[in-house]
Amino acid sequence: MISKKVATVSQALQGVDDNMTFMFGGFGLSGIAENAIAELVNLGISGLTCISNNAGVDDFGLGLLLQQKQIKKMISSYVGENDEFERQMLSGELEVDLIPQGTLAERCRAAQAGIPAFFTPAGYGTEVAKGKESRDFNGKMHLMEYAFKADFAFVKAWKGDEAGNLIFKGSARNFNANMCGAAKITVAEVEELHPVGALDPNQIHIPGIFVQRIFKGAHYEKRIEQRTVRSRD
Amino acid sequence: MLDKNGIAKRIAQEVQDGYYVNLGIGIPTLVANYVREDIEVEFQSENGVLGMGPFPYEGEEDPDVINAGKQTITTLPGASFFDSATSFSMIRGQHVDLTILGAMEVAENGDIANWKIPGKMVKGMGGAMDLVASAENIIVAMMHTNRAGESKLLPNCSLPLTGVSCVKKIVTNLAVIEVTDQGFKLLERAPGVSVEMIKKATAGHLIVEGDIPEMTL
Amino acid sequence: MISKKVATVSQALQGVDDNMTFMFGGFGLSGIAENAIAELVNLGISGLTCISNNAGVDDFGLGLLLQQKQIKKMISSYVGENDEFERQMLSGELEVDLIPQGTLAERCRAAQAGIPAFFTPAGYGTEVAKGKESRDFNGKMHLMEYAFKADFAFVKAWKGDEAGNLIFKGSARNFNANMCGAAKITVAEVEELHPVGALDPNQIHIPGIFVQRIFKGAHYEKRIEQRTVRSRD
Amino acid sequence: MLDKNGIAKRIAQEVQDGYYVNLGIGIPTLVANYVREDIEVEFQSENGVLGMGPFPYEGEEDPDVINAGKQTITTLPGASFFDSATSFSMIRGQHVDLTILGAMEVAENGDIANWKIPGKMVKGMGGAMDLVASAENIIVAMMHTNRAGESKLLPNCSLPLTGVSCVKKIVTNLAVIEVTDQGFKLLERAPGVSVEMIKKATAGHLIVEGDIPEMTL
């Protein structure tokens, strides 16, 4: 078994640098790589291009990197919960590339799978199509979209083992699964790090080959963005 | 005239037995409350859930189980979780039978704008562009006019498009409208609303043929 | 919950007809839809185009359909274990389209995912490239490949539930998972059919939305093609 | 001169710590038996297994756990199973570090032919075309000549190609050869084999620079 285990978040982030392109898993604040993000804030590197479905909130998630102006460009599908984001975008401090969520997911998956480009109908006829090749398949117009290229992917799983195998929980799987192996180096942080052999080979969501480094996150806040409940009667 | 819940109630009548349904944020979310109890429907959330249930009881919220609106939810028996690429395989691959979403503007030809007001609101399209580009069956849930009283049913959209020629049906506080090759075709009036009122509130070409029945809710 | 359960294999195969295109899961004889294949033999429909990684052996798997000359065309990556296949192919009775295994898998996945076409380097510069569009990405040549179109997909899973959710076992997952939702109608047969709620939503390999009909197979032979063992000392 | 096991033993020296390796059918399969015990290597099988172990003990064969050669296998701790598309994501996405496969012919420029003899053998390419098109690191394991005594290292392949300009290294019963821009570069001789013998058995352009060491096995 090839071990991917590193002891600390700082070891896990060895090699990150200014002006790199990073992928971040998570949907809203659910399933985000809390420990990796905190460490990136500590390291203070800047000029980052971040591929992430959302941009966190003002005081959590990628919002923390935005507050420190570490991010040069965001590639996202929805960024609506973040005032600082909006301010930086409208002032021109922050470049923003908004792309359809399914295209975002598929461009990650394409990078993971060695598919350099694919066609999707999403965005045809809209400003998203600007500068893109379009083509008719089966009487319907499609856009050609490219696989992402990134230096690091930061993902968060529920359980992992030393071999880098990952199991996610609930809807926290989201982009985390598709970003594994989609960057040069995939760093996975987990709530539970198990010895090899503890996870059922039949129930691995992401095989360890897609993960270069794995560590147990020191702490998870797992903040809920929209707490909605029903009454018991 | 309908309120938001009324719109949701009317749209719920369009949901058929065996449908997989994706509900957008806002009025569409309310549709789940009004689906007939004698049919089987499953709700898909594009962040990776099939078989969504009601909100959790207080104290049972799980940060790892949310919907596309980032709300805490529960799942029903038979549910499944999956990654984002698989979720959009369901959507892009037309495995989802019905998409219900809100709109800022809809054009006569079925174009829809619902994601951006240049210079004002730039939150992003989320999954909306994938949904409208792929779904065979799209119903728009919205108020007939905006806050300034201007029609949201237009000859052409003025805002940046989300998708082209994709909307099939519109349910507003005033009417049920089908999008046809000839334009907006009036199918039903909301209770107490006259054809004249609907005409006035519709900037795009409105086709009125014969007697227009009032909705049954 | 939307029920996909049907009682018998014959109900599951309602609508199959001459000259249709079918997908069959399985790798070699592992994970093949034994009951659906047996029923197709019974029904005697012919002129079939079959998309399947392999073509079975002379007396099992798709070999049974070949013996009865029900197959007009095979689309496969490897067909080497079947004498009758070779005879029909060399005599020209059977059309054969051999394509790279990864391309076969991805063309199924593309059909499932609504991706009409994608690019892969596999087969560039070979006879597989004949008539295909090629294109340079990142200094490397790729071929454009299309999503498959099929009428039925016949897949076999280990466990399933009434909602059509599937869990495969071991390497029998193979093409079965990628063919679900890749045809107009996906028919899944399972060894164990559970009531809804019995399977963990976090461990479903294929969500029920990709499956139209599910039934419990009456019998599984699960023949081993190459029994290899080591001695105990 | 090496036998098949000898070729496998020499190739095993190319396997480095931390490598994910895909082994083809035939001689490549034998490589697993000779990998150093002090390094960590995982074997991938394109039908959907990572972390393959040895064959099962008699009576423990599982029809649902096989390798790409359809042989019954076992898995080691840390193994995983996955679908075919994911398996080729590993291969096409260059996550597999080393591919070892057999060949009928290799050309000076790294072209390889190993799947078809027109009119004779048409079994199909299986995963070979995906592997050779994507792998950064491909070693061919084969006999230097065919049964008729003809060289399999040629100026150009005569058989239908599996891939173009992809082979980096060849290990045969006679030699270790690197594929360079200038042609086949002789790196090592098999025990008891002279440079002259290798030259004779190589139809393609063979580069011999300086003293050619004998393999250490």
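All chains are identified by letter, namely A, B, C and D, in their written order; residue positions are counted from 1 within each chain.
Here is the rule we use: contacts are C-beta pairs under 8 Å (C-beta built on N, C-alpha and C of every residue); 3 or more make two chains touch, one makes a residue touch a chain.
No experiment lies behind these values; they were computed from the predicted model shown.
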item: Same-interface partner of C-D, chosen from the options A-D, A-B or B-C, over half of the pairs matching; value: A-B
item: Pair sharing more residue contacts (C-beta pairs) when C-D is set against A-D; value: C-D
item: Chain A and chain B, separation of their C-alpha mean positions in angstrom; value: 28
item: Inter-centroid spacing, chain C versus chain B (mean Cα positions, whole Å); value: 36
item: Set of chain C residues in contact with two or more other chains; value: 106, 109, 113-115, 120-121, 168-170, 201-202
item: Sequence positions of chain B contacting 2 or more other chains; value: 81-82, 85, 88, 91-92, 134
item: Inter-chain touch pairs (all); value: A-B, A-C, A-D, B-C, C-D
item: Contacting residues of chain A [partner chain D, same complex]; value: 1-3, 109, 111-115, 161-163, 165, 181, 196-197, 201-202, 204, 207-210
item: Chain A contact footprint on chain C (complex, rising order); value: 106, 110, 113-121, 137-138, 140, 142, 146, 167-170, 201-203
item: Partner chain A, residues of chain B touching it in the complex; value: 45-49, 54-73, 81-85, 87-88, 91-92, 111, 122-130, 133-134, 160-164
item: Interface residues, chain A side, partner chain B - complex; value: 27-31, 53, 76-81, 86, 89-90, 96, 98-106, 108-109, 120-128, 158, 168-178, 205, 222-232
item: Complex interface listing, chain B residues touching chain C; value: 18-20, 40-42, 44, 50-51, 75-82, 85-86, 88-96, 134
